[in-house]
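Starting off with a structure, shown below.
Going by the order they are written in, the chains are A, B, C and D; count residues from 1 in each one.
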Amino acid sequence: MKKFAVLLLVLAMVFSFAACGGEKDTQVDVEPGLLRVAMLSDMATMDVAQTTDDYFVPMNVFDRLFEVKVVGDGVTDIVPSLVDTYSAADDSVTYNFTLKEGLKFSNGSALTASDVQFTFERLLTAGGVNDDIPLEVLGAAELQAGTADTLAGFVVADDLNFSITLAAPNAGFIAELTSPAISIVDKETFSEGFGMKIEETIGSGPYKVTEWVVNDHYTLEYNENYWGTAPTATKVVVNIVPDPSTQNLMYQNGELDMIDLGELDTSIVESTYKTKYADKIITSRRVGLTYFAMNANDEYLSDINVRKAIQMAVDRDAIVAGIFNNQATVEHGIIPAGVWGYNEDITKIPYDLEAAKQLLTDAGYAEGEVTIEIAMDSTSSSGTQLVIQVIQQNLIAAGINAQIKTYDESSWLALRNSGEMDCFVATWTMDYNDPANIMYTFYGSEAKTKIRSLNYADTEVMARVAAASSIIDDDARRAEYQALEEIIVIEDAAWLPLYENTHLFAIGDRVADFTPHWAGYTNFYAIDMIMK
Amino acid sequence: MLKSIASRIGQTLIVIVGVAMLIFFLLRIVPGNAVATMMSEHADAATIARISAELGLDKPWYVQFWIYITGALHGDFGTSYALHRPVKELLLLSFPNTVKLAVLAALVAWIIGVLAGIVAAQKKNGFLDRIFMGFSLLGVSMPVFMVAMILQYTIAYKLHWLPISGGDSLKCFILPAIALGWNSAGSIARLTRSTLLEVLQEDYIDTARAKGRSQMGVIVLHALRNAMLPVLTMMALQLSSLLSGAVITETVFGINGIGRLAVDAISGRDIPLLQGTVLFTTVLVVLGNLVADCLYTVLDPRIRKEA
Amino acid sequence: MEQEYTLQIENLRSSFLTDNGEVKAVNEVSINVPKGSIVGIVGESGCGKSMTARSVMRLLKYPGKIMGGSILLEGKDLTQLSEKEMQSVRGGEISMIFQEPMTSLNPVVKVGKQVSEAAMLHQNISAAEAKELVLEIFRRVGISEAEKRYESFPHQLSGGLRQRVMIAMAMICRPKLLIADEPTTALDVTVEAQILKLMKQLRDETGMSIIIISHNLGVIAELCDYVYVMYAGRVVEEADVFTLFESPRHPYTKGLLNSVSALELEQERLETIPGSVPNLRRLPAGCAFCARCAYAMEYCPEQLPQLQEVAHGHRVRCHLVEGGAANGEE
Amino acid sequence: MHEEQLNPTLHSEEIIGEAETFKNQLLRLKRENKLAVFSAFVIFLFILAAVFAPLLTPYGYADEDIMNRLQPPSSEHWLGTDDAGRDVFTRLLYGARISLAVGIIPTMISILFGAMVGIIAGFVGGKVDAVIMRIADVMLAFPSMLLAMVIMYTLGDGIINIFLALALVNWASVARVVRSETLALKKSEYVEAARCIGVKQRVIMMRHILPNCLPSMIVLFTLNIPSSILAESSLSFLGVGIQLPQAAWGLMVNTGRQFFYSHPWLSLAPSIAIMIIVMAFNFLGDGLRDVMDPHLKK
C-alpha cells in the first residue's frame, strides 16, 4: 500500500511537471530570406508527367506559358508568363504564340519554342499521368499510339514562335495552359534522372532545387537566371512533417514561417489561430467542391425519388457550421464558386427532412427499406470522415438505412473505378479556371461517369458536356454549362454538391505577406511569399 | 568457444532465411492493388497492368520469390511504389537516423536504468528505492506515445528547451531518445535491482567486503559485473523492443527513420518498401542478438570454458 | 600473568531487526583471543557463531545489527570505528575466510586478480609488486604452478585449491587475526586435513591469532587452543581444548561430544541430542537448552543461569554447576 | 547451513512446498502482497465497467453529436466530447472492453498454442523439436511491433485480426519457456515411471507434463496481458489497429492527439486508462509470480 502511495506521488509529480512551464518566445537565428514550411508527405517525383499531386517543385522550379494571377478578392486573371504575345484564330482551333526573348533555364541554356514542343510531346509519350491537355492537340493520339513521330498540331516557326492546332475547338485552351501539368522542361539537358535527381531537373522558374533528403526535407534556392523579378524568399526549406499537430507546434514555436491550417482541425484554428494569430491568417478559397456521389446503377439509387430524398435529407448548412465552423460555403451546383462560369442563381436544393421522408413514402418505400453503403477511404481526412458520419445520420433520420464501410485507399479506388461503389464523399480541386475541368471530367462520357461510380444515364447530356468546350462565344458557352448543370443537379438529381472549403494559412513573424495559389492549393508559389 | 559461436552463426543464418520467407509470404496475401494506389486518380486499367508488369507483380509467386531473395542477397530490395526510389536508398537514408535514435535511447535507458537499479538496490526498501521503482513501473506501464506526447508538450512546447520535431542535429534527438529509452529504462532498472540484490547475497561479495572493499567498490568491481550478465541479455532483447518503439517515436517526433518508413509503407501499401524495411530491421536485430551472445561468451568465463 | 589478547569481545549483542521485532542472534557474548592462539567456536547451526564472527568484521547481513558490547582489536574498539576505518581493518588487520570456497570467489574475475586486489587495497604497491606478492603467497599456501593459477578463473580450480586461494587472500596482508568460518566443511576429508595443517603452520610462522568457527568438534580438537561453545546466541561453556574435551560440564557440550564419540565408536545407535535448535523468537526466559536437557529442573525455563567459573579459564552457563549439584552429577 | 536461515525475511520460504495448492497460493498472495490484491480489485473494476458500460452511461460509444464536438468536461459529459461529439467517458468504458479482450483473448490463444507446441517440441524432441524451435526463433527475431503491423496489413483492420496478430506474435516466447520446463519434467522419475509401464505419449503429455507447466503458464498469462494491451494501443495509435467509430484507447489517443494542446483530456484520459490497467496487470503478475513460481524470476 505504501508503494502505491509513492506511485501516486510520482504520478502527481509527472503531471504537475507536465502542467507547468511558462510561455516564452524563442529567438531562433534564421538566415534572412529563408522560408521554412512543412508538408505532410514527401514528393514522389519532381516530374510533372508522373504526378498530379506533387506540384510544389513544378510550380516553383518551372514556368508555364500562362499563369493565373489573383487580382482581387476572389477575382483572377490569366496572364502570359513565358509567352510574350499570342493570338487565337476565331475558330479556337489554332493558337499562335511568341515567347519572351532571352529566356534561360537555370543551367544557362536558352528556352526556345522547341523546348515547349518537347514538353508537349514528352507528356504524351512518357506514359505519365498528365497527358489530358496535350491530347487535345491535333495528332496527339497518333503520336501516343506510335503511328506518328511528331506532334502534327505543334509547329515551331523559329526559336520564339510556334503554333498549336487542336483536334477540336476549345475556347478554354489558354486557361488549361496555366495548369502546372504544362511546365516547360529543357529539351537539351533532359535525361533519365529528370524528376528524381536534383541536378538533372532543370527548369526556368524562380527557383532551383539544391537539396532533396527523401522523407526529411528539400531545399529550393533562387535561380539567378530567372527572367522575372527576384523573390524575397531566396531559399525555401520544405520540411516533411507527417503529423499536422506537430506542424501546429512547430509554427507556434517559431520553427515554421507558414502553416497550412487546412490540415488542422477547425476547432484548433478557431481556438488558437483565430485568437492568438488572428492577424497572421491568410484566407483563400479552395476552388473546387466536395460532393456526395450517388451511383445510378444501384438498386435504390437508380430511382430518382431516392436521389431527390437524399438531396433534401442532408443538412449541408449544419455540416458547414458544425464541422467547419463556417470555414466553408455550401455549394449548390457542379461548377464551384471562384471558377469562370459559376452560377450564383442555380436552383438551390433545400434541406427538408419531412419532404424527403414523404418522397420516400410516396415512392412506396417502407422506413429503413432503402439501403445504401457509403464507402469511406480510411486515409481520408478526419474532416471528410466526420462529414460522412453526419450524412449517415441525416440519411438514417430520413428513414434510409445508410451504412458506412471503410476501405483502405487502394481498395477504395479500385472499387470506385470499377463503377460499383454505392456512395462516397470526395473533393475535386480545380486544375485550371474553366468549367470544363470539372464538367468534362465527371460527365464528359460514359467511361468518365463510370470511373467515378456515377453511372450517369443520359448520354445526350453527356454529349452536350463534351461539345460545350468548343463553343467559341464565352457567353454561349457559359450558358450551356449552366443549363447542363441545372439538368444534372436539379432535374436528374444525379449530383449532391456539399460545400467548398475555405483554405486558411497562417504566416509567421518573418513573413510580410502571402498570396496563396488561386485555387487554394496547398502548394503555393514561393515567389508570392513576401519576406520581411 | 569458436565452435559454439560457429553454431550460433549457423542458427542465425537459418533464422534470417526464415524471416525472409515469412515476410515474403505475409505480404503476398495482401488485398488491394498497390499499383492502383500508387497511380491514384488518373490510372486506367492499361496503365496499371503496364506498371504491374514493370514491377514484376504479374509473375507467379515463386518467380517473384526468387527475384526477391536473389535481390535481397545483393542488397536490392526493389523500388518503392510510392517514392519511386530504390528501397535500399531509402533504407540507407533513414538507417542512420534510427541508429542515432536507438543508440541515444539505449544510452538513456542503460544509464538511467542501471544507475537507478544500483541506487534502489543499495537503499533496498528505502525511500529512494520506492521512488525509483515507482518510476520504473511507470516506465514499463506508460505507452511510448504517451511519454513522447508529454515530453513534446512540456520540454519542447511549453519550456522551449528542445525542438519539437525532427531535424539533423543531435539536439533534435534528445527528446525522442528519452521517450524511447524511458520504457526500457524501467525494465532495466527493475532487472538491475533484482539481479544486483541477488548477487549481493553471494558469498564472494562477503569475500570482497572482508578484503576491505568499500560498498561502492564492491558493487562496481564485483557485483555489477556479475549482475550485468542477465542485464546484458536483456539489453540485446531490448534492441528489438527499441526498434518497435522507434516506430511510434519516429512518427510522433517526425524523425525520418526506419520505423516511420514502415508506417509510411503500410499507409501507402508500398509492399517493396515494407518488405525491405521489415527484413532489414529484423536482420539487424538478429545480428544484434548474435553479437550480444558472443559478448556474453567473452564476459562470462564459465561459458567460455563449457564451449 | 598478564595475558596479551589480539581480540576481546565483551558483552556483544547482535540482532536481526525485522518487521516483526528484534531477534537476538548474539546475546551478551564475550570471547577472548590470546595473541598467537587458535580459538574455536562450536555450536549447531543457528547458534550465533557465524553472526559473532560477522559482527567482528562488521559484515552483518541485512537486517542484522550490532546492538551493544565492544569488540577490541588490540585495544581498539571496532564497534566505534567509522565505516571507512573499518574498511582498512578488514583484510588488513582481520581477514576472514568463508565456508564455501565454491561460491566465495567471484566467478568472473581471475583468482590472481582477486588476491592481488586484497594486497593493493591495504599496501601501497603497484600491480606488478602485488602480483609478485601473490605468487609468493600462493607458493606458501601450497598452490603449485602459481603462475598458471594466477590466470585461472575460480571454476577451473578444485575445492581445496580454491580454499587455498581464499587463505592466500586472507594472509596476503599479514593480518593480526584470521577468522575462518567453517573453512573445511565443504571439503572432503583428506583436503580438510591439509587445509587445517596449513592453517596451523601459518599460525606458527606468523604468530597471528585465528578464530575457527565450526560445528565439527574434530576440527576443533585438532586445531584449537581454546574453545567456546555457543547455544542459541549465548556462550554456554568455555575452556581450553583439553579441559573441554576431558571434562565437559554443560549438558549441551556433553551431548555434542557424545554424538561425535558415537560416530567414532561406530556404535549401533547414534546418540544425538534430542529435539532441535529453538526458535530465537520464542526463547524461554531462562536456559534456552532446557527443553532438550535431560537434567532440566523446574526453574530452568524461568531463570537464566550465569556463566560460572568452575576451574581456571573454564566457565559454564548451567544451573547444575551453580548450586554445586552438577559436580557430583555423573 | 548457517545463520542465514534465521533471516526472518526468508521465513516465508518454509511454506513454499510442492504441495501448496493454487488456493493456498492465492491466500498467501492476499496475505503478503496488498498491492497485488489492490491491483486485482482495480482490474475487477475495469471488468465491471466494461461489462456494464451500457448501464453506466446514457450514450452509445459511436453516438455523434456534431454540434457539441470538443466540449470540455461537464456534468453531462464527464470527460467532455471528442472531435465528432462522442462522449469520451462512454468511449473510455467501451474501450475497456477492447483493451481487456485484447489483453486476455490473444494472450490465452498464444499461451495455449505456445504451451501445446512447447510440450510437443520438448517431449518429442529430435527433428520436430528442431523445426518448431527454429520457427519460434524466426518469430522471436522480429521486432514485435513490426511483425504485428505486417500481419495487420495482411489481414486487414478489425478486432479479430488484432487477436490473431497478437497471438501470432506472442506464442513463440511461451513455447520456449514451456519447452524448457518440459525438458526438465521429462527427466523426472514419475514421467520415467509412466513411460516404463507403457503409458502413451499423448497421455503423459496431458496428464503429467501439462499440469506441471500450469503455474508458469498462469504467470506468463498475467505478465503477457499488459504487453498485449500496450501492443494493441500502439497499433491503434498508428492507425493499423481498431478503426473508428469503434472505441479503443489507443485509437482515442490517436484521434485526440491533434487536440492535445487545446483539449488534452481527449488523449490523456485513455492514456491514463491504459497506464492504470497495464500497471495493475503488472503488479498482479509480479505478485502471482512471486507466490507461484519463485524460479521464474527473471
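The working rule: a residue touches a chain if its C-beta (ideal position, glycine included) is under 8 Å from a C-beta of that chain, and two chains touch if they have at least 3 such contacts.
Everything numeric in this text was worked out from a predicted model, so none of it was measured.
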| item | value |
| --- | --- |
| Graph distance between subunit A and subunit C, where chains that touch are linked | 2 |
| More contacts between chains, B-C or A-D | B-C |
| Most central chain, Cα average position | B |
| Maximum centroid distance from subunit B, chain identifier (CA atoms) | C |
| Chain centre separation in whole Å, for subunit D relative to subunit A (CA means) | 47 |
| Mean-CA-position distance for subunit D and subunit C (Å) | 52 |
| CA centroid of subunit A to CA centroid of subunit B, Å | 40 |
| Subunit C, residues touching no fewer than two other chains | 61, 99 |
| Two or more partner chains touched - positions in subunit B | 31, 137-138, 153, 157, 251, 267, 269 |
| Overlap residues in subunit A, where contacts from two or more other chains coincide | 3, 7, 243, 249, 408 |
| Partner subunit D, residues of subunit A touching it in the complex | 1, 3-4, 7, 243-245, 248-249, 264-265, 267-268, 271-272, 318-319, 322-323, 378, 382, 385-386, 389-390, 393, 406, 408 |
| Subunit A-touching residues of subunit B, taken from the complex the two chains share | 31-34, 36-37, 39-44, 47, 50, 82-85, 89-90, 93-94, 130-131, 133-135, 137-138, 150, 152-154, 156-160, 163-166, 168, 251-254, 256, 260-261, 264, 267-269 |
| Residue ranges of subunit D touching subunit B (in the complex, touch as defined) | 134-135, 137-139, 141-147, 149-151, 153-154, 156, 226, 230, 233-234, 237-240, 250, 253-254, 257, 260-261, 264, 267, 271, 274-275, 278-279, 282-283, 297-298 |
| Touching residues (chain side subunit B, partner subunit D) in the complex | 11, 14-16, 18-19, 22-23, 26-27, 29-31, 137-138, 140-146, 149, 153, 157, 191, 194, 230, 240-241, 243-245, 247-248, 251, 262-263, 266-267, 269, 274, 277-278, 281-282, 285-286, 289 |
| Complex contacts: residues of subunit A adjacent to subunit B | 2-3, 6-7, 9-11, 14, 17-18, 20-24, 26, 41-42, 44-45, 50, 52-53, 127, 129-130, 196, 213-216, 239-243, 246, 249-250, 252-253, 255, 379, 408-411, 413-414, 417, 451 |
